[in-house]
Amino acid sequence: MKRKKSNNIKAKQAGPAMAPQTAKDDVEITALSLQRGKLSPAMEAYFAKCQEKLGFVPNVLQAYAFDNAKLEAFVGLYNDLMLAPSGLSKLEREMIAVAVSSVNRCYYCLVAHGAAVRALSGDPALGELMVMNYRAARLSKRQRAMLDFATKLTAEPWAIEDGDREALRKAGFTERDIWDIAAVAGFYNMSNRVASATDMRPNSVYHGQSRQRVIPS
Amino acid sequence: MKRKKSNNIKAKQAGPAMAPQTAKDDVEITALSLQRGKLSPAMEAYFAKCQEKLGFVPNVLQAYAFDNAKLEAFVGLYNDLMLAPSGLSKLEREMIAVAVSSVNRCYYCLVAHGAAVRALSGDPALGELMVMNYRAARLSKRQRAMLDFATKLTAEPWAIEDGDREALRKAGFTERDIWDIAAVAGFYNMSNRVASATDMRPNSVYHGQSRQRVIPS
Amino acid sequence: MKRKKSNNIKAKQAGPAMAPQTAKDDVEITALSLQRGKLSPAMEAYFAKCQEKLGFVPNVLQAYAFDNAKLEAFVGLYNDLMLAPSGLSKLEREMIAVAVSSVNRCYYCLVAHGAAVRALSGDPALGELMVMNYRAARLSKRQRAMLDFATKLTAEPWAIEDGDREALRKAGFTERDIWDIAAVAGFYNMSNRVASATDMRPNSVYHGQSRQRVIPS
Amino acid sequence: MKRKKSNNIKAKQAGPAMAPQTAKDDVEITALSLQRGKLSPAMEAYFAKCQEKLGFVPNVLQAYAFDNAKLEAFVGLYNDLMLAPSGLSKLEREMIAVAVSSVNRCYYCLVAHGAAVRALSGDPALGELMVMNYRAARLSKRQRAMLDFATKLTAEPWAIEDGDREALRKAGFTERDIWDIAAVAGFYNMSNRVASATDMRPNSVYHGQSRQRVIPS
Amino acid sequence: MKRKKSNNIKAKQAGPAMAPQTAKDDVEITALSLQRGKLSPAMEAYFAKCQEKLGFVPNVLQAYAFDNAKLEAFVGLYNDLMLAPSGLSKLEREMIAVAVSSVNRCYYCLVAHGAAVRALSGDPALGELMVMNYRAARLSKRQRAMLDFATKLTAEPWAIEDGDREALRKAGFTERDIWDIAAVAGFYNMSNRVASATDMRPNSVYHGQSRQRVIPS
Amino acid sequence: MKRKKSNNIKAKQAGPAMAPQTAKDDVEITALSLQRGKLSPAMEAYFAKCQEKLGFVPNVLQAYAFDNAKLEAFVGLYNDLMLAPSGLSKLEREMIAVAVSSVNRCYYCLVAHGAAVRALSGDPALGELMVMNYRAARLSKRQRAMLDFATKLTAEPWAIEDGDREALRKAGFTERDIWDIAAVAGFYNMSNRVASATDMRPNSVYHGQSRQRVIPS
């Protein structure tokens, strides 16, 4: 394993070790001093389910947990958008999440949803491409049209017009699909800003997730 | 009433009358063909309450009504952000809504929330200033700091850092208040994009609302 | 009149009344301390005519009145552009004024010329649309082409080329009309900057003008 | 004269000669087909004076000459701004003209007023610096403050506030001077756009003017 | 290994497998059809050394290999900048490379140099932060100043002035260091553009490199 | 020679003479204090050749001369790009240099390479057009396509896609030519930043070079 060894050598050359960037990310979740509030049984159960299924509670949920009502409202909207039945696959919704977050350069969402794109696609490079520049990805016309709309809507929402909606229809999207693209893109324009406003930190575990390609059988 | 008359004259000079811009705004609410879904009793009651209190159901709610789950999630988040107890007054939350929507040039939100600023402040010009350029308004230091943060968060979320949060603390805002400013600004960054993506039209009644100054007693 | 009453209630909730935004706008017209100069008889007569016809002297004229020569030069150019015969209707020239001022976010011009669009069109929402986002208006192809040219010329004048002029010709504009579109757009790019540089305040009366739709007979 | 010769050689290397860029600039002044109108005696005299003093009539005047009223209004404003007594020297007003035109990348104004800066300063490099990047020039604090204001006013007029005006006062400018800086900057924001909208070409003679430094005696 | 399994499941949900994004990246290195040229012995040796030390020849070198002279010139400059003695550590130079490439959204450089930051620092999250938003990283004042300069130089080079250089000196950088920061930032502004212009693809092996944290001993 | 005289008069009106902008440009070449290093014989010879052929050593070379290795690497790349055989003429490469430097507003490169465009073309106005706004030049389709690509690559490199390369092919460029356009544009994106980062000053002699049109024989 030559490469690993040479990395060790290089790491030593880098001088006195800095604390790793993730050192506090799982304990100081935002830059705001907000105490956890009392959660409803439903939210307690939701957190327990996250812990069981994912092995951790995503930091965005912990950040909202200072106020149970705000947490529930956020979770309600998130679950409808990202998990409810839709003409968009879950992967497509995560691709929108990352492409939008790339325009807004949101560290939290790029890390968390970049991991989701890697996991859902089984293709780590797809996650990197959504983070770095979706235009460099090899996409179907459908997915390209979807991301063109979502990122234009992010960068210059005032310029969206009939022609933009028509391009989605030509790419095969239904009226409900167009709504869903808009709603998911809109949602991450919200989340990106809540995260950036509070310096929200992603769970450190995301960084290493799904870095190996899953060969489809 | 000299002025009114001269307006009439000028209107005639304008040549063949165009259809008024609001002609279809109360019937063709978005550019998407989506049929109203079946509403839950809670949502039916909510719509009835809007009708009774406001005299109309805001078009954004009608737009979401093609899917009751989406409507409920949106209403849940909206009501928490705009109506729940907060260190920000309702007027301040509406001022954020309009200043953010001005950056994003969202017709729906500027009309609907511009009317809310006029109504809550009793000062029509304050509504116009939020729409046009909040920097030209005579604001308290607190409100200026609040809008500076909200609009920077809208235009370049990646550039928000500790100094920006610290400026809010110096202006008297608590940690919860900072969250609320971020959350309201974030919410309108979402709503602006859903509205622009779908060409959502504001109820025509908003245009004339609260145009006369309410003299505080 | 249920709505008016509820507005009063809301206004009370807003806490201690702020001074209305227009409190000083008719007396402290700019942020510069400039004494009114001696006006020529022609300018005295012009001011008197404004007072008689409009009920007030527009603040921009009062702002220029510190120097009669500058006032006369401004008035000379303004009157030629906005009132002289042209292939563009007066309403169209005012639409350009507001759409340009929207790009530049000029409070003075948006208020004053927004009122003019409402008055000349008899359609209050048209004025709002020019202020907020002209792309959301239902315009004829001619007027859309006109505003596309005027706002591109405002935002990126270096990028105007033959194709842009050709688009105007295809929309039915003559060579003189193209000049007039350019000249009016140019003029408001000047006025917007003089107003913003001096924090020029619009006469308070504009805010309430022409807010009711004039039904064309 | 080694250099000249080598230039000739290089010019040959460039392959088949293109028509010089200025080939038509003195005959096809704009991209619009507009016939010269009948000029008033005052304007006829003004053109004759230009011819006598400068050796040519600036193309911008010829472009406006399709309509005597428009020409007179333009000349009236131009002469007041650029030639009337002011706390700004003529050179300073020309420096503003070029720095503003650089932001707007206006070919006509950069050529014509770049020549004026060279002529009035006797320093050809000062003209180039105003065209290319005024921040690279060695300027007095006064002139730097003046150009910072003028270019900010050009690029983001909505962001000018009290602090910007105060910076001018601290640099020694009076209230009238601030007006004049705003008015000159505003004027070239207009002229740049009329020129760009019409593809106005500068008189070819400007290119070679005042290229040698005038040693002050 | 619960997580891995669930990823597999999710990958299946994603529907018919797309070809992995890296499928052709090691064989179709750019979008231009250029045949490999004859390499000099020095370049042959350099390629062999890459193969031995890294296990592959970086695609950027293969892309330049259509012309040996261009390859040598590129390699000469690259090696001086990134490997020669400098007051900047190799890690710091790679941090500049990635932060600059993030402004320019260059897929090739973000992948290749993001891997280098992970390897040299032993901290995978540091690589992600340079890609996503360096402002969210926990950096020393020195490194923050270095990246602020490099990214401003990238985004608005015309606005760099004495104050920017002075900030580097205050952060402890020497005159030579300032040159090196400028030269490295400049180099990636070149490389980013060559890569984007040709759709250069990064070697697929980079994606998985150095994803585990190296605990400093 | 009426004009020259009037210029003298105007120069006097300009008040106390400022030091000419170029006063120190040939002695204080950058804002960094870097001592000249020992040059290799090859570089000594190169400097001597510059002195003999041009009459001066370009300041960029003197700026790099604090470190012979960096100088050689720069010269190696420069000479390959600008002087080696290419499908692009030397004039075309210089046109790219200036158009790119115009986007980046780099004083050094605009002066030095603006002079080169004037010299190689024999058409002074062509140099000015590249500096000011290449869109205003009368170019062949080939050269227009070349500059459109180079300036888009400069301003938004992330947005270059297959369509942009295809446009070059349609304009007659080969695969190698596309590489060369990219490489030259990339190179000036580097040089512009090194020059702006160090406030590099152009040799004063450039300003007056090739200002007279060379009539092709």
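In order of appearance the chains are A, B, C, D, E and F, and numbering begins at 1 in each one.
To be clear about the criterion, a residue touches a chain if its C-beta (ideal position, glycine included) is under 8 Å from a C-beta of that chain, and two chains touch if they have at least 3 such contacts.
Small disclaimer: the values here were computed from a predicted structure and weren't measured.
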item: Steps needed, at fewest, to go from chain A to chain D via touching chains; value: 2
item: Pair of chains joined by more contacts [C-beta pairs], A-B or A-F; value: A-B
item: Proportion of interface numbers common to chain D and chain F (over half same, under half different); value: same
item: Identity of the chain that, by mean CA position, is farthest from chain E; value: C
item: Chain separated most widely from chain B, comparing mean CA positions; value: F
item: Distance between chain centroids, defined by C-alpha means - chain B, chain C (Å); value: 24
item: Chain centre separation (chain C, chain D; CA means) in Å; value: 27
item: Where chain C and chain F are represented by their mean Cα positions, the distance between them in whole Å; value: 44
item: Chain E residues counted as touching two or more neighbouring chains; value: 105-106, 133, 158, 161, 199
item: Interchain pairs in contact, sorted by label; value: A-B, A-C, A-E, A-F, B-C, B-D, B-E, C-D, C-F, D-E, D-F, E-F
item: Interfacial residue positions of chain A with respect to chain E in the complex; value: 2-3, 6-8, 10-15, 17-23, 25, 53-55, 89-91, 102, 105-107, 110-111, 119-126, 128-129, 131-133, 136-138, 140, 199, 204, 207-214, 216
item: Residues on chain C engaged by chain F in the complex (per definition of touch); value: 158-159, 161
item: Chain B - residues contacting chain D, complex; value: 133, 135
item: Partner chain A, residues of chain B touching it in the complex; value: 31-34, 66-67, 69-70, 72-74, 76-77, 80-81, 84, 104-106, 149, 153-154, 157-158, 160-162, 165, 175-176, 178-179, 181-183, 185-187, 189-194, 196-199
